[in-house]
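What follows is a set of structures to go through.
You will see two complexes here that share chain A, one where it goes with chain B and one where it goes with chain C.
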Partner chain A sequence: MTAVTQEVILNDVLKLLNELARDWEYSGEITPDTWLFADLGFESIDAVVLASFVQEHYGRPFPFPQLLADIGQRPVRDLRISELVLFIQQHLNGSAAGA
Partner chain B sequence: MGRRVLLIGLDGATFSILDPLMEDGVMPGLQRLIASGARSELTSVVPALTPPAWTSLMTGRSPGNHGIFDFLRFDLRSGQPQLRVLNSDDVACPTIWSILSRHGLTSTVLNFPMTFPARGISGSVVPGWVPWRHLRLACYPKSLYARLTEALPQFNPRELAMDMSLEERALEGCTREEDYEHLIELHIRRERQWFQVLTHLMREQPSDLTAVLFDGVDKLQHFCWRFLDRAIFSASPSAFSSTWESRVRGWCLEYFREIDRFLVEIAAMAGADTSVIIASDHGFGPTVEVFYLNEWLHRNGYLVWADAANVEQKHAETLGLGTMARRFYEIDWSKTTAYCPTPSGNGIYITPPSAGAGGIPAERYQSFRRELMEALLRFTDPATGEPVVKRIWTQEEAFTGTHMAAAPDLTLILRDGGLVSILPSDVLLKPRPEPAGAHRPNGVFVAAGKGIEHGLRVPPLSILDVAPLLLYSLDLPVPQDLEGRVPETLFGPQYLRSHPVGFEALPAEPAVTAAQARDVDLQLEAQVIGQLRALGYME
Partner chain C sequence: MAKALVNGTQLHYQTFGQGPNIVMIHGITGNLAIWHLEIVPALMSAYRITTYDLRGHGYSDVPPSGYTTADHAADLHHLLDYLGIQRAHVIGHSFGADIALHFTILFPERVDRLVLVEPAIAALQALREREDWIGWKYWRDKLASGGLIVPPEKWYDTEYLVRASVSVPMLFGFRKGRARRAAPLVRLMDTTTAARDYCELAGMTLEAIGQMQHQTLVLYGEASVFTGTYEYLRDHLPNATCCLMPDSEHFGPIERPELLLQYVREFLRGSEDLSHSPEPATEASALAAPRSPTVG
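Up next, the complex of A and B:
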């Protein structure tokens, strides 16, 4: 199976967030460097729902607990979009390779 | 045009509040509706809690079969203890709207829990308990949100859906007049948002089944019980004559007046050919004390915190959200044999061996559980000597079904009907400074429409009876696996003869839920506690 590139996943994630952000009164541009909590004003429950959308979009589970545990170890408990994309790519392609 | 049904959910509504409001002229519309049909108490499931109870109403199945026992799923059996937020993927049985779709009928479904992610049905779904930031993509069909925003200039997702920051702010300090005013206004605005969405869809896209849930009733009763319960404010009339308490009561009454106006307008819009059913998921009553269950488990040797130093901070009122969230992950599972993971369901889980060396092996399970039950039932109020735990449901008593294994091992009913605290504490039992509202098993049921007798007051029905009644009212057969029955006492004998209840063979039972199939595993912490706290389940 062909590996999904970071560019494709980034486009997917940005499309999803830009669609949602129409209601958020967020005037800035959403980029790979945007922080989910600090910039977009996420509440933690928003992370739960975003994870649902990502899983629904790709039709498969991702180990979000692992990602969140990693975030919990950091001084800054936040996540850049680029990190989310990398996380998705690693597990999407890891799963594809093993399939 | 065929028959139609309107289902109006009033989360947590109880006749002990509604009857006095009707007597006092606050809810004349509800009074007229009841006079034109039938009323009954509606017995909830165990636990009498929003997610399992509404899911039972939506599916006609008990929690042991639909698999929803709480807001969260606590899983010790997979080896790594986990808490996970439940959603529609976890509902293991077909909903009434999916059954209607199978028969070619349409539904409009607004604000019901466990409907996110919205499943494809014939009709429209705006799921409940969804954070407002995500509502745009949470609706079904996907185009629905854009259509609502275009058609309704006042549409505001931040007021309609969950805004944790607003809810938490409203509830963090409900001690001052303005806190209550803010909370009540928040819920009036929210109900108005749902009302405008509902009436818009009823006009533009009428469905065979229209179902809406107004959830502010539950919230107000949790936090404003003493302003609503006639037994409390009548006992101290001076406190309610000229003080700020009387103003808070006035705002509460305004909320219920608004709900009554909605009931009248919705029923009028639906028309005389539409059967109207009002139901609540559970009732309500006062709670006057807090039982610190995990502290009791700790002191009796069942629960060990991993970080003893951290537990020194014992006063609940000094604990922030982050600290509370960490509690679950600060358990020493190698030494813990029983734990209450959430403050909403009064459920205790017994640790299996896979969760750590301290787990209880299968051969010891029955004796261990019996001893734990006996010890809990022996616990008494030191001031009065009265037992604090009134009843304990075992897993197989409360949750027999295909998903029983995921249910709590024990579910406690406390003497005051309240919820336990999961926090450490200096004391095991503490009086509340003021009475608050807590769930009771007896909710409300009102029905009016074709074939339903007028002015009936019938014995309590089961919440499991609502799904069969909805299907019957739409001339559909009742699937044989539904656990309730069509309440024939509502109908005259002649009507029943001409409209016999039909049944259909069991649809194929899904072996696993969508969540199990996807192995979704969202181990998220703080949002869980924050959500529950904002919903009024966190002490």
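Up next, the complex of A and C:
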């Protein structure tokens, strides 16, 4: 199986964010450094829905409950786009299979 | 995104896990995320869980009317039909618990066990109309901590306070302490009957509540302002196990998720043990143990 690159996943994520788009308070460019909660104004429900979008798009489950639990333990309870991309890549390419 | 067209309204829902069905109902001005931070991940290995956004909330449509507990119960009835769920355990929080209760009264055959976390019960509004009800000050203080000072002429105005609550920072979740995205909730309050319907009895009388036969778990926070409602249900709801959760006010699913899960797991396990028994059972001892000694 061909490994999916971060660039491809980033493009997928940006498209999914556009689908999700509703009353965003953020008008800047979305980059890998953009924070989902602090910059995009995500609320918890948006993370739940984005997770379901990602799973529908790739046709497989990802351990999002664990990712959200992990974020909840951080000093900064937030997630950069680049971290989301990395999370997806790790699980798509099997390096974290069974995690 | 999964949506079901029910009663002419698109409702956003999510399903996780495998096993006996559980449906979870959030409260007014909330959304399904309240279940997803702690409760869904902990139960999805043993149950098939459905959460959904009530009409007017989250990613569901925002019709102009139809926000009483009876209307929401009808929505849930159609949603279960749409999903092919004949019977489910139903768990509701706050106004979602009022909906869960009304749903059980209207469609008893669709409910296995019922879990009510902090219902207010419109029929018990009289308990909260007195100006010395502790909830009024609690509510004002919450708004003040978010920077909104309630003028004295609005101190006892439920509809005003519900509307005002959308402007204070988030109390929980990843945006805790930050401003909430208020526009959708302002739209809900300004363009629909939701705030007014919240106060409607809609047929859920105390008589109907007193005739309930379902095994029911009733949970309130020890520091809840709805302890009067708790005491009423403890004394009048048949087949109910009533517990107060320490270190909890109104938001048990996120204030004390581990304790709420302990209660719920044990309560639902009782249903599985009795799945072939026609008689209601005495609750297991561990459920009774955490009951607050202060309420007898």
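The rule is short, and it goes like this: the second predicted complex is superposed on the first by the 87 of 99 C-alpha atoms of A that agree within 3 Å, B and C clash if a C-alpha of one lies under 4 Å from a C-alpha of the other, contacts with A are read in each partner's own complex, and residues count from 1 in each chain.
Simple rule for what comes next: contacts are C-beta pairs under 8 Å (C-beta built on N, C-alpha and C of every residue); 3 or more make two chains touch, one makes a residue touch a chain.
This is a predicted model, so every value here is computed, not measured.
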With chain A superposed, do chain B and chain C clash or fit? clash
Applying the document's definition of touch, where does A:W35 land relative to chain B and chain C: first, second, both, or neither? neither
Please work out whether A:L16 is in contact with chain B alone, chain C alone, both, or neither, and reply first, second, both or neither. first
Check the residue A:V49 against both partner chains and state whether it touches chain B (first), chain C (second), both, or neither. both
First (chain B), second (chain C), both or neither: which does A:I71 touch? second
Which partner chains sit in contact with A:Y58 here, chain B, chain C, both or neither? Use first/second/both/neither. neither
Once the structures are lined up on chain A, find the stretch of chain B hitting chain C; candidates are 22-30, 238-246, 328-336 or 490-498. 328-336
Go through chain A and flag every residue that touches chain B in one model and chain C in the other. 22-23, 41-45, 47-49, 52-53, 65, 68-69
In their complex, what parts of chain A are in touch with chain B? 16, 19-20, 22-24, 41-53, 55-56, 60-61, 63-65, 68-69
Touching residues of chain C toward chain A in the complex: what are they? 1-2, 12, 14, 31-34, 36-37, 40-41, 44, 53, 58-59, 170, 173-176, 178, 180-181, 183-184
Chain B residues touching chain A - in the complex, by the definition given at the top: 82, 85, 87, 116-117, 130-138, 157-158, 162, 164-165, 518-527, 530-531
Touching residues (chain side chain A, partner chain C) in the complex: 22-23, 25, 37-38, 41-45, 47-49, 52-53, 65-66, 68-69, 71-72, 77-78
